[in-house]
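Same chain, two partners: chain A is paired with chain B first, then with chain C.
== the complex of A and B ==
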């Protein structure tokens, strides 16, 4: 295993501990800290609207009452349903869904959106490859698959593109539902349709288990909750299968990852290739967990960032040619393949 | 002389058994549309025995106005001492109202406050003007007060747009280098 991969694994585990168990670790620190006026306005449900804090045991969106340490939304699948609230509040899709339903004035959302854009602008989809707790869980499933000597399945490019379209479709439906139930005439449907994506997101079922809390995995009280329950099972099954039989296939349709991907080509972190050094060995394409082949196909020097790239830098790591691939941060070189190697682990 | 005595007798009968009138004074509110007019009226002893002997009249059209009359106090003989009277009015249809009471008065129109409307207090001549405010019943009301100036949050739109602009610029550059 190479240094980059070791560093990434350590960073992933630390991020998982911080994001999921941050509620346990920093809760007392937060309570003892002096309350100062933050630059981030407190976003709360207006009277009459539903909020996750109103859900109790028995509801499909339980457990969700705990408040996070930092009420912010990093560009990663940070789940609202972490035990003790976790370190950060939720993912950006939760943020948009919630505030579309609450019809929060846009000026109160601007500080959050600006910070989100800044973090995406700096690191692009590094958040998916290095930080995302659900990605880490998925990588663990991939690790199990490798230990069990099950051969990885390679999905065709069209399949992965279709997955992205599915993700965009799910995101559009979720945001549309959130907007509609925010209208006064449809407010009575909020108890069933609030946070529609959270109701089917695998993170809602996985994250509570980190705190040894049994998630509410079924609710057959009404037709709508039954539908959401079955959809949540199907999506969880798809999630496990995607990571177990493939590598990061799920990340192609993750709505949060799709939002991050808009910033990937313009992000501060850049993947560079010197085409003259490339021997077309294809190691980079084989190693890419997202199944991207453009790095291999490129015949010219330049920045290789692609929308789907999660910046894991496996391609740089496995490249056998010195100075062929490298990583820069706003033009300043961070690291580059130093020595020629013939054998790659 | 007989005619004079007859006139005196006629006037006595009219005064004793005829209805009495109390003018109502109130200020029309600045709001448009319907509103309620409410107030408490005091009656002399033995003048009114039941609330049905009290009516509210539009003195310009000489028509009865529907009213809700609630007896509050009674004289020792059982006649009404005071009653609260509520009736609807409209700002666009300005007119003058009066309360008529007496044994020969029979109320035909009554109503209940089905709608929640602003209420204006009226006074009767001779009574001190004690209430000048308008009581508006609007039910439970939740007020969110924005303590911050809007600019505090709106200025974030500048760095957000700069970042988006830079992202687009850099994205175009990346696409261009990948094409060449």
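== the complex of A and C ==
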């Protein structure tokens, strides 16, 4: 029983260790990576612009002072604020934000975008459920709540849809700001507005703590940094409350998750249902950490990958009917819900 | 709180007005008949338990005992409060006749039997009776027997296909849990709830093994033994039942042999001892009941409690989903689920036909017969609907019908 859940937890912890402490673990790789020049050789930052190397300790965007082992952007929420640079550079929102500001030519971005799309195409939003270190931290908060015997808060569907609209709104604002400050006339604002989402992202405060580095809790030097500091605190509070009281409700508005969700329908990993087996017990809908009910509602056979699904396969695991729900990878069956008793013959 | 004292002011009048003598149904001879047919030595335990129960005609337990009807009432919550749950569903003809004094003749015979048992003073030792408002007669039953017993009325929503109702079911169950804690001065928490769920899940595991074995080899545990086991679970201690059933299963494994009788699926009203008329007739007509979809057996045992959130409210919600959302009771909105279940069971276990058994005057079972018949006809699954009551007068007629059905199945096979 619960084999999938146990496997997922182990994978999540391993991913957290790899993505957050990759800098420590693969130190030699990192050192060789440090000797390399900038990943974007054509980068011609306009005068007054900012680059990661200029951030000093104490700055709100100080990235723990080191480059990552691999300068790449996987579809999971890996962070520039990881101690010792971490394993990968940053998340995809960071990638878009900084390159919009730097106005990097598309040909230099293509390999990164291709890799990102390929990974999303293969696994959909499985990255959120199985890899994302911030999701793992959140799941740990959920675990704490359960141990404290506090009732889970379930949010209505409309609320969750509104959350994702909020996420898109924040993402649009962040990307627009990044584009505007990339224009020569506005370059002087880069020192304050660079990577606007990163400045309020809960990972900015959480990730450095994994390496026992004190994150930049407060920067009240100017009005803008004060606003960002207060916003970051509010967002962190929301993050903790969302995961503590409501399982994965935060993931409905996480911009990285929202970008991944575009690839969920049509991804290699497919969740499918055999409707005749379904007895509408509601176990799948109840166990879904994202609160999705389509798998429960559908009365026809088919593949039901929903945009918000984080592919934790909890629905498959709790289904009491043999062969009702299953997971396929490009049409090839990976596993199905099995009856708990072995067939006697 | 849904605990109400119905008819409290009229208690004396009602008690004086009706029979108060003990009625004494005697089913031991019937029990011995089925015992002789049993080929599994371990079944002795179950027969003995039922014999003791029938002889004493009452419950003598160390723990306070709580009676209940229907799967809607969560057995696990009663177990968690360290109480002894006793399922009171009853199909006894003697009791039904006695019950006609309270309940009119042309209503459900299960309700009449229950009224007979209560007014015949057979359930004196019960501390509390939990009655769910599953169907209309059950709802009125709460009022009918309230002058005799302390009643807790549990009212679930009947739309089992609307998951938003889960919050209502959860609050109803929580109220029941709180009431039991207060009423019996117990203080169980989630540890007790989880341990109760483990007990019932263990039972599910054993039942699934037996269920699976019988679908492959219906003769490994004969149909009477199967229903005797089910009946024994109504009042036996759950751990004891699990132990005995495990033994029966291990002995039955050695007895499996292929047979050539048409294998059928029995769907409909529950078969409860001593009303074994339908399975008696099935046996005599040369049909093998390979599996069933009934609330007392499949509906009660097949689904495990899946605890996703191990908080108290999460466990109670899981119980609500198991007992109400996953219910096969036709009182709830689930005809499509029932049709799916029948078609899937027939296909999965390669069964020959479906018998829809309807205990006369149960309207909800009767009302969906035509639709089910039509659905199964389109899928070329042989279907027969049997409508009968607790009396034995129509045994010959039933036998003729089922023999004709068997012949039809045999020709269908060829």
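We adopt the following convention: the second predicted complex is superposed on the first by the 316 of 345 C-alpha atoms of A that agree within 3 Å, B and C clash if a C-alpha of one lies under 4 Å from a C-alpha of the other, contacts with A are read in each partner's own complex, and residues count from 1 in each chain.
Rule of thumb we're sticking to: a residue touches a chain if its C-beta (ideal position, glycine included) is under 8 Å from a C-beta of that chain, and two chains touch if they have at least 3 such contacts.
Since this is a predicted model, take the numbers as computed values, not measurements.
When the shared chain is aligned, no partner comes close enough to touch A:70: not chain B, not chain C.
When the shared chain is aligned, no partner comes close enough to touch A:241: not chain B, not chain C. After overlaying the two complexes on the shared chain, residue contacts for A:263 are found with chain B alone; chain C is out of touch.
In the superposition on chain A, contact of A:224 is made with neither chain B nor chain C. In the superposition on chain A, contact is made by A:298 with chain B only, not with chain C. Taken in their complex, chain A has these residues touching chain C: 145-146, 149-152, 154, 275-283, 285-287, 293, 296, 299, 314, 318, 320, 322, 339-341, 343-345.
The part of chain A that touches chain B in the complex is made up of residues 41, 46-47, 107-108, 110-111, 113-114, 117-118, 120-121, 262-263, 265-267, 270, 294, 298, 300-305.
Chain B contributes residues 142, 144, 148, 150, 153-154, 156-157, 159-160, 163-164, 166-171, 173-175, 177-178, 180 to its touches with chain A in the complex. Residues 160-161, 163, 166-167, 189-190, 205, 208-209, 212-213, 216, 253, 256, 302-304, 306, 308-314, 317-318, 321-322, 325-326, 328, 334, 336-337, 340-341, 343-344, 348 of chain C touch chain A in their complex.
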